[in-house]
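Presented sequentially are two complexes of subunit A, the first with subunit B as partner and the second with subunit C.
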Partner chain A sequence: MGAGARVAAGRPAPEAGAAQPGAGTLLDVRDLRVGFHGGARGVVRAVDGVSFSLRRGEALAIVGESGSGKSAMALSLSGLTCEAGADVQGAVEFEGVDLLAAGERRLRRVRGAGIATVFQDPMSALNPVQRIGAQIAEQVLAHEPLSKAAAAARAVQALRAAGVPEPERRARSYPHELSGGLRQRAMIAMALSCSPRLLVADEPTTALDVTVQAQILAELARLRAETGMAVILVTHDLGVVAGFADRVLVMYCGQIVEQGSVSEIFEDPQHPYTWGLLGSIARMEGERPRRLPAIDGVPPSPARPPAGCRFHPRCPHAMPACKAPVELRDRVGGGRLDRCVLEVERKRALRTRSGAIGL
Partner chain B sequence: MRAAHPMLTFAVRRLVAMVLVLFAISVLTFLIFQVIPDGDPALRLAGKFATPQEIKDVRIQWGFNQPIWVQYLRMMEQIFTGKVISYTQQVNVVRQIGEDLPATISLTVGASVLWLIAGVALGVVGALLARRGRVARAADRLLGAVAMTGISMPAFLLGDLLLFYLGFKLHVFPLGGYVPLTEDPVGWLTHMILPWISVTVLFAGFYSRVLRASILDTMGESYVATARAKGISPRRVMVSHVLRNSLLPIVSLWGLDFAAVLGGGALLTETVFNLKGVGQYAAESTQRLDIPPIMVITMLTAFLVVVLSTVTDLVQAALDPRVRLR
Partner chain C sequence: MNDRGALRRLLHEPHALIAGAVLTAIVIACLLAPVYAADVAHTGPDATHVTETIVVSGKKVEVVSPTGVPIGPTWTGRFLLGADENGRDVAVRLLYGGRNSLEIAAVATVLSIVLAVAVALIAGWLGGAVDSLLCRLMDLIWSYPVLLLGVALGVTLAVSGIDLGFTTLRGGSLMLPALIIGVVYVPYMARPLRARTIELRGREFVDAARQQGLSGTRIMLGEILPNLSSSILVFAPLLLANAILMEAGLSFLGAGVQPPAPSWGTMISEGTRLMPDAIHLVLAPGLMLLAAVVSANVLAEAARDVLDPRARLRAQPTAGGLDWVPTVPPAPPAPSDGEPA
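Entry: the complex of A and B
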């Protein structure tokens, strides 16, 4: 059975979450701003006014280029950028409690147990001098009144659940003794060891081989189906989103430029930046371009974002109106949001490139 | 063929390295004293008012007329049989070093513990301050300046200042000298405190800067973010994830510095405080261009450095599973 099939099997229909009675809101982010002190350049706004909410059990993908602020945003949810010296403002309400206003102790109880985080590079995300099992048990002990032996047993159990072969032996291994894929499984095991309600996965497959990427995504999808936890998947690769997420949030230069369900984003994308992202995915069917299309230009520096729509300097369809501030709102109907002033019908004509969507 | 046990390979490699290092350092030291001006030992041995004939007799009697490699081999033989005699005082060098060692061991053990504790404490405080607000960062810079002053303070200046104010003026501590621990423990302690402080100031500043940089590096590591994301206490993040990893370079540093001081490396401090240790013996022998003690002390230091670096490698391997003993 292929990995893709497992993803499809493990994934609940996108509408299922909304239809469930009492599903409720798990996370509500309002006007989140994250600034880093950039020395002479002043404060760099990595995230500039992001709002969204997440239902229990929902899978949300946050997509954007490097430097779009997606990682900074995801890590700020549990206050992890704050400790690195970032200036974080706005509100992050998790299960009704604003984490940005919460004290250190409260935040610690949420970290690991409520919101678990999986980082990009499993090579460096595990402490090199501690055994895998001990690192997982440390998190379990921080949240649950268990004996050391029980926590160690839980660590083995978590490794087994995350698809690590020979979990008893692997729990006694050091990180450098494991392959990249196994380390990422160990990270996932650690993240899931306290049954979190939300898993934030910050580019969990970027540092892995392509074949391992598919396995890890399939594993995440399976675990999500089994545990019913919500997942925020941060990625720069729209290709991994399709089989995994219910909803997609496209970020550009610290802002959301488009938000909608997976089918809306893939079939009827509203923002030219999304077109560009979709156009740069390698396709298996249809006419193949000689070169994979890319979006011209480079992302602007978040220290000095362009006025108006931040994508307009790179957008071939830019008009004078794009230089004025553009609101993120519903322009199509049905609750999806975008930040582009072009008329909807005109967009549908402009984005068609030899039968597919492109910029 | 079956591969040898890694531990055995390691031991053999280190033994071979030790022989090579001792050979190289002894040849080099021996040759240096052959070429320095005014280094002819026969002139010193014969005395100030010796006639050319007396000098010639001394040269033949001590074998200085023989080929240089014969002289070297004879010196090595005498050193390794413990029969080497100093040129200027004509005492057994190995026995003399044996008498001097307790003072140097006292200095090294006490000071190395103190400089490790002080260096680690200052390094941790500096790293913590560096990550805080404006006032804290200013305090960190002040600590850095203090550390730099300590690093660059000459041992003779600091030692003399301590002796002058705390010994001569305030009579808190004795004016130098060494009292054996076995004879008078309290006297031993009062005689050792100022030399310990003096050496500690020298090393702690350097250690604190190395550790501070190492901690700040480690704090940026991804696994520290993982540790924070687990919901464990900041103290636990700091101790079992940050410090545990950033102390690794300090271990190697400490082993080598320990060996250097034990091999008479703190000659200025020993001389200023008149500890009559190996370092002071080295300093005095150098003044007299007395080759045998210099040879023995240099080889002792080289031996200790190789031994201690082997020990720190073993400790490193125990502390860091990624380290392979080779």
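Entry: the complex of A and C
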């Protein structure tokens, strides 16, 4: 569709190395701001000026702690937070159409068919009193002129594609009759049933146990390869990101603090917050620390974000310059962006902690 | 929340089984009223036998004595439960009256449910001004004592009838009390269902349904309504019991079924005049009423226990029908509350 109609004026070029040239832009988010009215605390800016773009077929991971605004952003992509009474500004252009400015009918056509969402907890995201197959068929019927029988067949087909064993039988099950892993597969089947161009997976493995997590991620990776859809994976687990994504956005307190390809983020992270996240991954090799390293302190309230670099109150390397606003720009070269004023060479020395990256 | 499983569990509750059987027996007996009248009692509901005599255990007895006292239960085919002051067969009138009472109650219950579900879904889903308007309307209905409102409407409409646009209900129509009862009970069901709708609206599967690209109407009918079904199932027999009682009350006060048409309420009303001498005139319809209302209530309570086992612990029954309201499962913590705080 109108993928080339984008005008990239007056903002940092988001093109990172991982995307193939000529793939075309699928999603373009510009200066997205999402605020919730928090009563006495004023407006809580869950997302504060986020810009990025996504190419067709690309896998993007959005990483951050709880409360960093990553879920609010993911839900805003298809206008869900607008209806929840949030104050949403900026632009979310999907295939050339600004979804934030689009009307309800237009939005409905995109939801499910263009952008599909996999929620964190499949138990609460599936209707408890409706059979799995019927829930999937309902979405198909909302988007395509099919008979009920054809929609039901499509549901079974989607379940099979998502790796659900005995899909005919499972289609007749209620959500509570399935295990957690199967429920998430059913959720993925629902998301895939209309062949979306973009799948937004909001912490799809958080509610699952570790062995099932790996299966679900492998399934998502396989389906992405088969269908060529783009995926936005929202997670707080950098371990999940490594094998899955092409590109990573690191979010902190409603802002992007660093953006780059997976190898760049893992091998040469620029922002101390990213170092902290990397340092807190449990490692199998080397000496075992008594406790897992953690980032000291707690994330600031998005209602009253710290001035300047939002991470500076928790950053051991903070200096006076950190109290002034820090813009997100390319400091290393190669199209990667970060929000840290430290010199690149100094960072490389500071971030090494007993042979690995840490804060 | 498998419905078949719930039904099976309901049938395993002995008191539910008995209550269901009693209610079914009453309904079947009332439906068979013409057969009983023609083949057993050999009379009709309005046929008077004031001057006649019948033979009871070999003796000739007047149906209505010269002092005006009607015959008591004969426990035989004719005048099984005795006669009334006009010499009409009480058993026949009881069954025909039951038809009227149950018909009114059933229509009223269905009407209440349909209106209440519509109000609850629209108010709960749309929220805002529509919600406020509908809630104030419910408050308005609720602010009158149910019986008082019923009597007021009944007395007014019994004379004039009502023009509903598509049809006109004339003064004596049975649908008139059904309409009145159906309307006055709407708030009792609409309010809890609205609360449940609001709770469901904030649940993640509704967000997920939006995200699937479903329209508001579709989410309302396809996602939320099925989740209300257990509450509706619990309410239905409860409303039925209250509608039966309400019909009796209105008819007793002359604001419901209009004589000479029989109903349990009119029969009790007529019977009170001869209370000391012919207690059967009040007892027969009174006991029928009791049996129907109690079994419907037991059924409602059993349905609630089966569909929401936790409610048994919470329920604190108080005197009187709808004072206890079927509870809905407690709201899970809503992470994405729809409303700004």
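Operating definition for what follows: the second predicted complex is superposed on the first by the 337 of 359 C-alpha atoms of A that agree within 3 Å, B and C clash if a C-alpha of one lies under 4 Å from a C-alpha of the other, contacts with A are read in each partner's own complex, and residues count from 1 in each chain.
In the analysis below, a contact is a pair of C-beta atoms (placed from the backbone, for glycine too) under 8 Å apart; a residue touches a chain by one contact, two chains touch by 3 or more.
Please read these numbers as outputs of a predicted model, since none were measured by experiment.
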item: Subunit C versus subunit B on the shared subunit A, clash or fit after superposition; value: clash
item: Partner chain in contact with A:111 - subunit B first, subunit C second, else both or neither; value: both
item: Partner chain(s) touched by A:174 [first = subunit B, second = subunit C, both, neither]; value: both
item: First (subunit B), second (subunit C), both or neither touched by A:37; value: second
item: Subunit B versus subunit C as contact partner of A:143, first or second or both or neither; value: both
item: Partner chain in contact with A:247 - subunit B first, subunit C second, else both or neither; value: neither
item: Location of subunit B clashes with subunit C - one stretch out of 25-33, 43-51, 79-87 or 223-231; value: 223-231
item: Footprint overlap on subunit A, comparing subunit B with subunit C; value: 75, 78, 80, 83-85, 108-113, 116-117, 119, 121, 124-130, 138-139, 142-143, 174, 176, 187, 190
item: Contacting residues of subunit B [partner subunit A, same complex]; value: 131, 221-223, 225-234, 236, 240-241, 244-245, 319-322
item: Subunit A partner contacts - residues on subunit C that touch it in the complex; value: 1-2, 203-205, 207-215, 218, 222-223, 226-227, 229, 332, 336-341
item: In the complex, subunit A residues that touch subunit C; value: 36-39, 75, 78, 80, 83-85, 108-113, 116-117, 119, 121, 124-130, 138-139, 142-143, 174, 176, 187, 190, 194
item: Complex interface listing, subunit A residues touching subunit B; value: 75, 78, 80, 83-85, 104, 108-113, 116-117, 119-121, 124-130, 138-139, 142-143, 174, 176-177, 187, 190
